[in-house]
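Next up: some structures, all given as structure tokens.
Both of the next two complexes hold chain A, though its partner changes from chain B to chain C.
Up next is the complex of A and B:
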């Protein structure tokens, strides 16, 4: 892999990891709260839909989800290697394809929310 | 006559079982499965919101309210905090050492700053979500 390309992958990995490390625990806790039977005000339909309808909300959601996806994809690629799968080209294509699909779906749904 | 080369027998599939540090490394790396899972979980949330029907959203919330999902999220959160978030903070000064003038910023300070920032971010998310 060319150095320039590698540094882009590394940059996205680090940015995604930072986003995932800082934000995901709070989000998982919110889902846990919902599962326990308490739906916080912000997760009521009107409020959440309203947040995802604003431009700032869309930008935040898009960057959080897509960066986390690319972080997970890159790390999963290494995990495959660590578990003894020595087919990096296929693994890389597969994990990055899934991340790309997730990124497109995120953009599409955010657009569809209006 | 050449001597036999010394080949260390290392299993490509179970090598990390030899050492506690390696096991910890693997536990940290597999947290990417949780990052991927919750990313797609969030995409599902967006898909339901894009449907534009409050009934579907309420049905989704109801489908989440059971012991399975509660246990899943609680275990995921604990595992995630220990092996993803806190590990990420511990590694930050190694991945990104800081220097101010001639002085190196102490690693413990960088790690502590991450914990403080994380607490602020978490409080902000809870505030926005209306938890308190």
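Up next is the complex of A and C:
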């Protein structure tokens, strides 16, 4: 017996869960305001674009977005298990593939911001 | 003291006679301060001597009187008649095969208990001719996990164990964690090799029902999450040059 590889995906799941629990309620509230037309001070497009243009901004955004994706992927895998879907290997491949593609796209788009 | 009559339905099953389990009803005149275990003893002594159930201490120490009372896994010595409605349904602990009536087969958990190596493992010899000093802060880290009485209520509550009984399960993993975080112990890596494998901690999806039903206020769900962190750390450490494979 040995420590299962599941510990790797659980690691990003746990990190993503922590990030999501701390940041996402605030982000959802703030960007909910933006979407409804009330832009809080500092959240104007130019400011956010400026933030995403800096390297530190890119790194922060990359970790927040990609970790949340891996968190969601692993949680979905567990939900499938809980609902009685006994095809764990296929489910795992599918959800992690989506998270991996999302991670690559996040890196690509962040890199593309000038 | 005033008496209160309960209508108690008890699941009965005698594998030598019955094809499947069935309920039998008893009217039990209960004293106000009775626990459900007292009502069961009344049934056995006064109404039906064939009823089989486990109990020993009647004081929440032995852990043998765990049963389902109105659908909840509880210690029947700690579940009082005054807190229950008039109709009470008593069943054996869920997720275990029935041996007879309210007695379940616990072989599966007993086998898994060995895997946890629930004893202090030393690589260095213990101090000779002196006590093994342990600061109080070190004791507090694991003390709550020593309160487990192996009643197995957590296994009845655990949806993951219900789905897949190869899961090692809450009480055993919490007990392993108790030794992992004991400052005198040096067997953590030995245990993680077994308990952080597929059927170990990773099968837990942190529903937390184990901690909710625990009659001794142990928090197995927390133990499992902490073990997951230990497992993840150990996985990467063994990948490092010089790490154990």
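In the analysis below, the second predicted complex is superposed on the first by the 109 of 114 C-alpha atoms of A that agree within 3 Å, B and C clash if a C-alpha of one lies under 4 Å from a C-alpha of the other, contacts with A are read in each partner's own complex, and residues count from 1 in each chain.
We adopt the following convention: a contact is a pair of C-beta atoms (placed from the backbone, for glycine too) under 8 Å apart; a residue touches a chain by one contact, two chains touch by 3 or more.
What you see is a predicted model, and the numbers here were worked out from it, not measured in a lab.
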Partner chain in contact with A:71 - chain B first, chain C second, else both or neither: first
In the superposition, chain B vs chain C on chain A residues touched: B
Contacts of A:112 with chain B and chain C, given as first, second, both or neither: first
Partner chain in contact with A:52 - chain B first, chain C second, else both or neither: first
Chain B versus chain C as contact partner of A:11, first or second or both or neither: second
Contacts of A:82 with chain B and chain C, given as first, second, both or neither: both
Shared chain A surface residues [contacts with chain B and with chain C]: 14, 78, 82, 84
Complex contacts: residues of chain A adjacent to chain B: 14, 16-18, 20-37, 39-43, 45-49, 51-52, 61, 64-65, 68-69, 71-73, 75-76, 78-79, 82-84, 86, 98, 102, 105-106, 109-110, 112-113
Touch list for chain B against partner chain A, complex: 11-13, 16, 26, 29-36, 38-43, 45-47, 49-50, 52, 54, 57-58, 61, 64-66, 69-70, 72-74, 76-77, 80-81, 84-85, 88-89, 95, 117-118, 121-122, 125-126, 128-131
Chain A partner contacts - residues on chain C that touch it in the complex: 159, 163, 192-194, 196-198, 200, 202, 205, 228-229, 231-232, 234-236, 238, 245
Parts of chain A lying in touch with chain C, wherever the complex brings them together: 1-8, 10-11, 14, 78, 81-82, 84
